[in-house]
Structures are given as C-alpha cells and as structure tokens.
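The two complexes that follow have subunit A in common; it is paired with subunit B in the first and with subunit C in the second.
Then we have the complex of A and B:
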C-alpha cells in the first residue's frame, strides 16, 4: 500500500510531501504481471476466433489454433455471411442477421417506452398497490423463465402471434420489464422532486410532465437502457428458439444450427467467422459505449 | 395528491394507473398467472397438449426416477457451486488488483469485462473450438513433445462439466469483478488510513475489515450468480448439446426438450416447478434479510 499512501499525501500537502515513486517496485511488477496474464487469458478466445476465421482449411488442419494466419483469406467470412447452410437452407448467416435486426428494433423501442412510463408512474405518481406490483415484478426477474414459457406459447397462440415477429417483441417486452422498470424508477426517483412539483403547480398533467420534463432530462438513462436491451435481445437464444419459426430464427439460433449441424464436413474457419459475426454487434456496442455499459449492468445489479 | 375532491378511489390518479397497466398485467398475468398455471399442470398427465387430468405427484416421481434428470441436477449443483466459489473469488481478487491505483485500469477492466457482452452461444462455440482435442489445446501440448497429453474435457463424460465451467467463468467473472470493484470503491478511505496507521498489512485489512464491510455486495453478487446458474441453457446447447451421452445435461435443457421435443409436457412442467423451488430456496431468505431487515432498521 506504499503507492496509495504517497498519493494521498500528495493530495493533502502538495508537492512538498511527494515521495519519488519507483515504477518498477517488486509489488508493481507482480500486479502488472498478474494483470497481463489475466488480460491475455481473456483476450485469447477473441484472438483465436479472429485468427481461425482468416485461415484456409488446409492451414487449420496443419497448424495450431493459436498460430497467426499465414495466408490471410476473407473467404470464410463471405461464406459464413452468404452461403453457410442450416439444413436445406444455404443463404448463410445474413438471414439470421436481418431477422435479428427486425426483432431488435421494435423490441428495444417498445420495451423501453413501456418500462420508462412504468418507472415514471412508480416514481412520481405512486398509487395504492403500486409497490406490491413492483415487488412481484422484481421477484419475477429471478423466476426461471422455464416455468413461464409454455403458458406464454398458449397465450401467443390465442392472440395469433405465435411464431410471428410481434409475439417475440411481446415476449422481450414482458421479460425485459423488471430490470428496465427498476432502472427507470430509480432514475426518476433521483431527480429533484421540486421539478415535478413546479410542473404540477403550472398545471402540467401526467403525460405533459413525462414528455416535456422527464423525457428530455433522462437521455442518459435511455441510452443505458438501450445498451442493456440491445445486447440482451441480440444475445437471446431461448426465446428465439421457442417463439419463432425457422424462417425467422434470430442470428444466435441460426449460428448454433450452422456450427453444430451434423451433416457435411466441418469448416472451422467458416464457423469461427460466423461466430465472430454474431458477436460483433454486442462487442461494438460494448467498446463504443465504455462506461455506460458498466453503468447499465451495474444498475441492473445493484438494487435501489 | 387529490385531497380536495374525493370522487371515486379507483379513478384517482387514473393516468398513472393506465400507464402502469403493462406492469400490472405482466406481474399478475405472466409472473403469477403463468407460474401458477404451470405448477397446476405439473400435477396432470399432459402429454402433447396440456390437459387437466390430475395424477397427483406421479410426474415428480417419474422425474426423480429419471437418470437424465438426476444427472442434470448433479451437474447443476456442481456447476453452480464451483462457479459461485470461483467467480466470487476470482472476481474479488481481480477487483482488488484493479483497485491498487494502477495505470491502465480502464483498459484492463474493458478487457476482462468484454466477454460479458457476448452471448452464451458465442462463448460456447469459441470454447468448443479451443477445447477441440484434434486442433486445440491438446494438439498444441502434444506437438510440444508430450504425445500422451490428454485434454479433451468436452469429449470425456467425467470432466465435461469442467469444460463448460471454463467457458462460463470466462464469460461471467468480469461482471462480478465490476460489482466487487464498485463495492471496494464504496469503502471509506479513512478505513485504509486507519489500518495503515495501526500498521496492519493490507491483506489482513482486506480479509478482516474490507470483506466483512462488503457483505451486501457479496450477497448481491451471490444472488445474481445463483439466479443465472439455474437458467444455464444456451451455453450447454452450444458447447456440448448435453453430450457426450447425457453427461452435461442441465435442468433447463431437460425442461425444453420435454416440452418442445419429446411432447411430454407434464414432465417439463414438473421439472420447471422444481427449478422454481430451487430458486425460491435461495431467493426468499435473501429477500427476507435484505428487505425485511431494512424495514426493521428504520
């Protein structure tokens, strides 16, 4: 703890108290050494994915999976995107990609819209019983989906939505609601109450306050919710496989069918290219959003 | 809010109630209604279609007499306990390392957390490839001269669950680390100063002061991991599809296969009810401690 103590003295007494820090103390070497090894371990699968996807099959059969590609080829990528087969269908992963996009956009928009209004009502317009429903909702976040999936099938069938895009959107909205409602409720509760009261005095109603005051003030939390939902829905497998038909399978389901299909020769480079293509969307969001992603998952984790 | 006029209690705050309708419907219809529906139907002999033909506990008797279910439970218990222990330990240690006021903290955190953004399907497929005995780790160690080296967790029924554990930990520890790091940052710096003045070594401060102070963080992490573990499904489907044989089956997969492949709905309902019970066993004491206790304080 020598480092931190010198840091705190710097803060308190200015330059006078600063001790010269040794950059290469044994302690630092150990910390950075361990962290570097850990970082390598975490990066390894990503590296293997990229390296394998850029090799030709002969090179894969001869070499080892950790070797960098010698003859870089983008053919596996092209093949994974437009020719890879699932069963009789050989349109490649592109179909799954567009299915996922079609699922993603309405699901994200609708689930966030509904959850934000819910959270707003819970934070600012408490009515009798609201807390009870909210508690049930939060408990629901922990209930294994398995116990609700079959009645949901019947429910969607009755509505005529089973196997359709609308059905899956509904499922994502329902099962995303606990975490999103919690997120928005906590955020709206943290806003100064005077704002709300002032707007009430000025005669604004429920929707007026929501659209003209709350919404413009809560762009950051909407971004956090979007990150949460986009990665969550993109990565979903269970709902996709249950509530859609093969034509409409999202990317994760199609990817699994391509890679784990038993027919034909295994083309590991194509498989890895396909895997990487599926992982790219959440990875881009993750690396682009930085701290907001952390905030999103932490907001989901730490109860208010 | 409306003290002056008291028309009908139901219509007071009407807009908020309308706005909260989706939440109320979800809570009542889906989370309670659907759960009760499944529990009720787990006592019937539904096969292809749900029917209210009650048979008592017959489905449960069959469930606990099925080899595959027992293997699933065993796997889940082993996977669950190991991943709890490992992710809490590794997550905490990594958080401590990152909390040493190091440079490039953001870079390291970004690297350790990125797998969490990936789906279990992607995770499972990558690790399936790395653990592939013909091309992956085993092949490399063999080519270094150890020609007898065996490392094929995904093809060996005895250790297949370790293969899944490796992948699961790779995906999830970053998340636990972030929670732990937030917990560590929440500890008052005065504690550190005090222990330094007293000349207590920092590892002792961690064990005897910091960890007890972080109890709520540990419990939150524990509940989150536990709730996630019971749902484990995609990872197994992608990595081994339950194989070799039945060796890596998990309860969630049993439920799915019974409901949507084997047309044995009653079994699926009974199995999912057992899953629910196992979650409640963890959840109710936690909720009691967390929320019941808090009310008592104030």
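Then we have the complex of A and C:
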C-alpha cells in the first residue's frame, strides 16, 4: 500500500452513492394527499364559477351547481362584457374595463416611478432629514387608509379633481407610496454600496446613477412593485366608489352593480362570467411574471 | 510640492470619532500604504480623500488645490474597491468608458484610452465580456483599469487584493508595483497584509484608532518602530518582549539575566526606568555562532513549529516566552537545550509607561 490515492479499483460493499428514495413511502402519500385535498378545496369555487358561466339559465335552475355544463354556451360571457345592465345603461362590463385600464396604467407608472426614486434617494443619498422622512413614511404604511377618506375627498374637491379619473389616479399614487418606497429602499440598500461609490468617482450624478447603474440592476423589484400595484389597484373597490362618478366607475364597482342589480331574474351565469372577466387581469399578471416575482421578493422585499 | 495633503482631519459618525486631527503629506509619485488593524479608520480616511464621505473638520488638498468641498469626480482621483464594484450590466469596455462618457470625453479619445488601459493590464480579449464572466483576478484588473483610463494623478486602493487567493495576490502585487513604476502616479493603498505593505510602499503609515502612529519607510518601521504598538504590529512572527528595567546605566535587567546594551542607539540617552525589551525572532542566532554574539544564553526548546522555509522555536528567557526563528533545516527538537545569542543593538526598547521608544 504505497499509493492508496491512485485510480486503482477498490472493493466496496454496503451502501454507496446517493441514498435511493421510495416513491410510495407513507410520508410521500401523506404529503401529496394533503396537498391534493387542499388544492381541490381552493379550486372548487373556481370550477363552480366556470361551469356555471358556461350554462344556460334553464340548466342552472336545475340546481346542480357541481354538474358540468351539458349545453356549453358563451352567451353569458358576451352578455357580461357588452350587454349587462347597471341601472339605466346596458353596455356591460366593457366600459368599466376601459375605465379601470385608464386608471391602472397611470397610477402604476407614476407611483412606481416616484417610489423608486424615493427609495433610491433614501438608500443612497444620506440627505439631511432622511431618517425623519423615512420614519414618517413607515408610519404612513401602518395607518388604516379609511381614516384618510374624508380629508381626501375635501382635498380632491379643492383641486377640482373629485369624481374624475385623474383624482383616483392621484389617490392610488399617494396611498401606494409608503409601502412601495419601503420596498425600493430596502432593495437599494441591499445592493453593494461600493457600486454607488464607484459610480460617484466616475462622475455620475443623481439621475445618472439611478438610470444607468441602479435601474438595470433592479428589474426584479420593479416587477414585484408592478404586481403589487396592478393587483391592488385593479381590485380596489372602495376608492373607486368614493372618488369617481358612475360614468367613470372602475370595473370592480361596475361588477358589483351588475351582480347586485335587483331588476328581473338573477342571471347567475352572467354574474359568474362578469366576475371571472374582472379577475382576469391580475391572474394574467401573476402567471406572466411568477418567476420574476418570486426572485424579486427573495432579493429585496424581505431583507431589511 | 505635495500631491495629497491632509490637514487636521476630523471625521465623526454621530458621536463616534473615527479620525482625530489627522495630518498627512504625500509627495508626487509616492506609494503610500495605510496599514492598521481592522476598524482603525483606513477605509474611512480613503473615502474622505475620495470625497465619498463628508469630513467633519479639517482640509484635504490634492495637487495644492483645496478639494474639501469638491465632488469625487472633480478631485483627480481614481479608486479601486475591495469588492471590485464593477457595473454588472455593462461589458468590460462599458465599465472602463463609463467615467469618460460622464466627463463628455470625445469618442475617439475614449477608444484610445480604453485601448491603452486594456493593453497595460492585458485585458484586451475580455473587453466585450460582462463582469460575471470574469475570474477574480480579471475583475480586479478591470477595476484598476477603470481608474487608469481616467488619467488621474492619485490612485486610491482599498484592500484591492484581499478577495484573491494567495498566489494571485502575489502576482497582482507585482503588477501593481510595475504599474506604479510605469505611471509614476501617487498611490494610496490600504491593506492589512504586512507583506503587501512592506513590498509595495515607499512609505508606510501605521494607523491605530484613527491616529497615525508612525509614517516612515518600510525599513525604518521594521528596524526602528517608534512605539510598542508598531513594533508588535509589524513583523511575523511578532516581536518578543521581555519585561524588565534599566536601573543600571546601559544595562537591561530581567530577573537574573542582564543584557549589556552596548551600542544600542538610544533616542535620548539611557533612562533608569521599567522598560520592554523587544527583539525580533528572526534576528536571534542559535548554535555555535551564538557564542560570538554580544549576548548569549542557554535555553530549552518548548514547542517547535516547522514552516517549511524556516522553523519557529518557542523557548523562554526568565520565564517569559521568547520565540526564535531558525533555518528550516535546523535540527532542534522539543526538549532540546540550545544556545541562543543576539546583538542588543538590533533591539527595540520601549518605556513601559508611555510605550515609546527609548
């Protein structure tokens, strides 16, 4: 035995290499069983909604809500989109949809833009009063916004924006600010400080560093912020009801009005289709950016 | 004419005083190394010079111009960071030219400067890669290049090699030295690696708790440290210290041992007070040759640490630990009795009260 480390074959008995795993161990059955049950529990309502939305009214009256549709019809979807009535007008959800889009795009863009610059300034430029400013912002994140509804009404009235889409955009931008700024600040603090210093030595200014150095490194957190804002603003009902007038109602408010309208028979299939239509936008956003979302959350949102 | 001159610099983080009334003059083309224990304020000083930290008091002059309130990019400095700090989304070329673009340098000028820096640092084949696709050594070279293209007078290095492995560190160390000989810029270099400090520096500044303890050539710092802290900090293995007094003129006495200080160069005459007698392990001579030294004594080897090229032997003199560095081939074993001797002229003696050299 002079050369024990050379490549000669060595006799080996007993366990070797990776430990084999049994596919059907009691543990696995347990885990997958529980997961399956929970998944069904959460998917069942969705199934009922989809099934119902594809049935005609006669079929629904039979009362079998779990039965799959026999006679598939897309009539309820068309009706929900373009004919359902709220009060006097019968344009369906489409008007609400476009209102929501018109509210969503500027609100998301403006709030993310401002919040990211805020977060960047707070994280990297230690200006006078930064700490105080940050504390106030954090405080703002924890105040229930119902408290501010009435002052906001007056504020918008004074600005002449009450009841207009612009007013609602302003409201969404303001209320999204604390949490978004926090999100961006935490992310930017987690980036190496020496990069910022190097850029300063290289002569880049406030905006130069923001656009050329920070922004390209922060795509994941921008995606996170976008998802938070899109879902939050799209699903908002309260602000929509309060700060807009009927012809500017967002989709959620209009959905509520369709579903709760008391005239005539309750068209469950149309209601289900309308609800699904309203929920489609956040769903699409989730599916499209799921991976980036997880990455962004892991990268910045939880670090402090 | 000085290149960088720091006058009565104070820097506080809130109530924590990191730099205290620091003064430093650096000549043109000088290679100055800032050396000190972790947390003594080396990076802080460098950041102040670069303008990345606002000083609490005092002035900073670069090329005889007061730059205390200037922006980092207007100070004529380039900085290389420990973590490289390359812009991850830009190619190597983008990294090198970023500063020049900000300074609105014409395009062909940028091209030629980048090409020159790439040639000096031998990174031409890497110009179109992203930093993520580079090795540590290559990244550090790009980081140096970023300072190089800006044609600055003063280079600031903050532990540029400490993230690299030992071999690469030695290679790049030589490269930095070569770069300095070629460019003749002023370089201020922070490290806590003694070898780097000794090999690179024209002068070394030893810092402790925000104060410069000694600012001298490497040889002077090694041979004539001004206080016990510097003596202890420089040298590996570190200096031996024997606790005793000099009540008899010209003689150091510890326990029953008396060492005649003979031709030791006193700073201001022998004093009769308790002192530390410091002696470097590598200046001790063992075996037959020891008898010819002005001082010699018999000791027992307690621990023997072979390190390849040489061996460290732990013994004691008057029950105080004493390390001796001997040749790697020497045949001293644990428990052996052997003769050691040295010339007290090479010692460093410090007053026990204020720890200053006497």
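Here, the second predicted complex is superposed on the first by the 271 of 304 C-alpha atoms of A that agree within 3 Å, B and C clash if a C-alpha of one lies under 4 Å from a C-alpha of the other, contacts with A are read in each partner's own complex, and residues count from 1 in each chain.
Heads up, the rule we're going with is that a residue touches a chain if its C-beta (ideal position, glycine included) is under 8 Å from a C-beta of that chain, and two chains touch if they have at least 3 such contacts.
Note that this is a predicted model, so its numbers are computed, not measured.
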| item | value |
| --- | --- |
| Partner chain in contact with A:107 - subunit B first, subunit C second, else both or neither | neither |
| Most subunit A residues touched (candidates subunit B, subunit C) | B |
| Partner chain in contact with A:192 - subunit B first, subunit C second, else both or neither | second |
| Subunit B versus subunit C as contact partner of A:43, first or second or both or neither | first |
| Which superposed partner A:86 touches (first subunit B, second subunit C, both, neither) | neither |
| Subunit B versus subunit C as contact partner of A:216, first or second or both or neither | second |
| Partner chain in contact with A:60 - subunit B first, subunit C second, else both or neither | first |
| First, second, both or neither for A:201, with subunit B first and subunit C second | second |
| In the complex, subunit A residues that touch subunit B | 1, 3-5, 7-8, 31-32, 34-35, 38-39, 41-46, 48-49, 52, 60-61, 64-66, 114, 117-118, 120-122, 125-128, 130, 133-134, 136-137, 139-152, 154-155, 173-174, 177, 181, 205-207, 231, 234-238, 242, 252, 255-256, 259-260, 268, 271-272, 275, 278-279, 282-283, 285-287, 290, 293-294, 297-298, 301-303 |
| Residue ranges of subunit B touching subunit A (in the complex, touch as defined) | 1, 9, 12-13, 15-17, 19-20, 22-24, 26-28, 30-35, 37-39, 50, 94, 97-98, 100-102, 106, 108-123, 125-130, 132, 135-136, 139-140, 143, 170, 174-175, 178-179, 182, 189, 192-193, 196, 202, 220-221, 223-224, 227, 230-231, 233-234, 237-238, 241, 251-252, 255-256, 259-260, 265, 268-269, 271-273, 275-276, 279, 283, 287, 290 |
| Interfacial residue positions of subunit C with respect to subunit A in the complex | 47, 50-52, 71-74, 77-79, 81-83, 85-89, 98-99, 102-103, 146, 150 |
| Parts of subunit A lying in touch with subunit C, wherever the complex brings them together | 192, 194-195, 197-204, 208, 212-213, 216-217 |
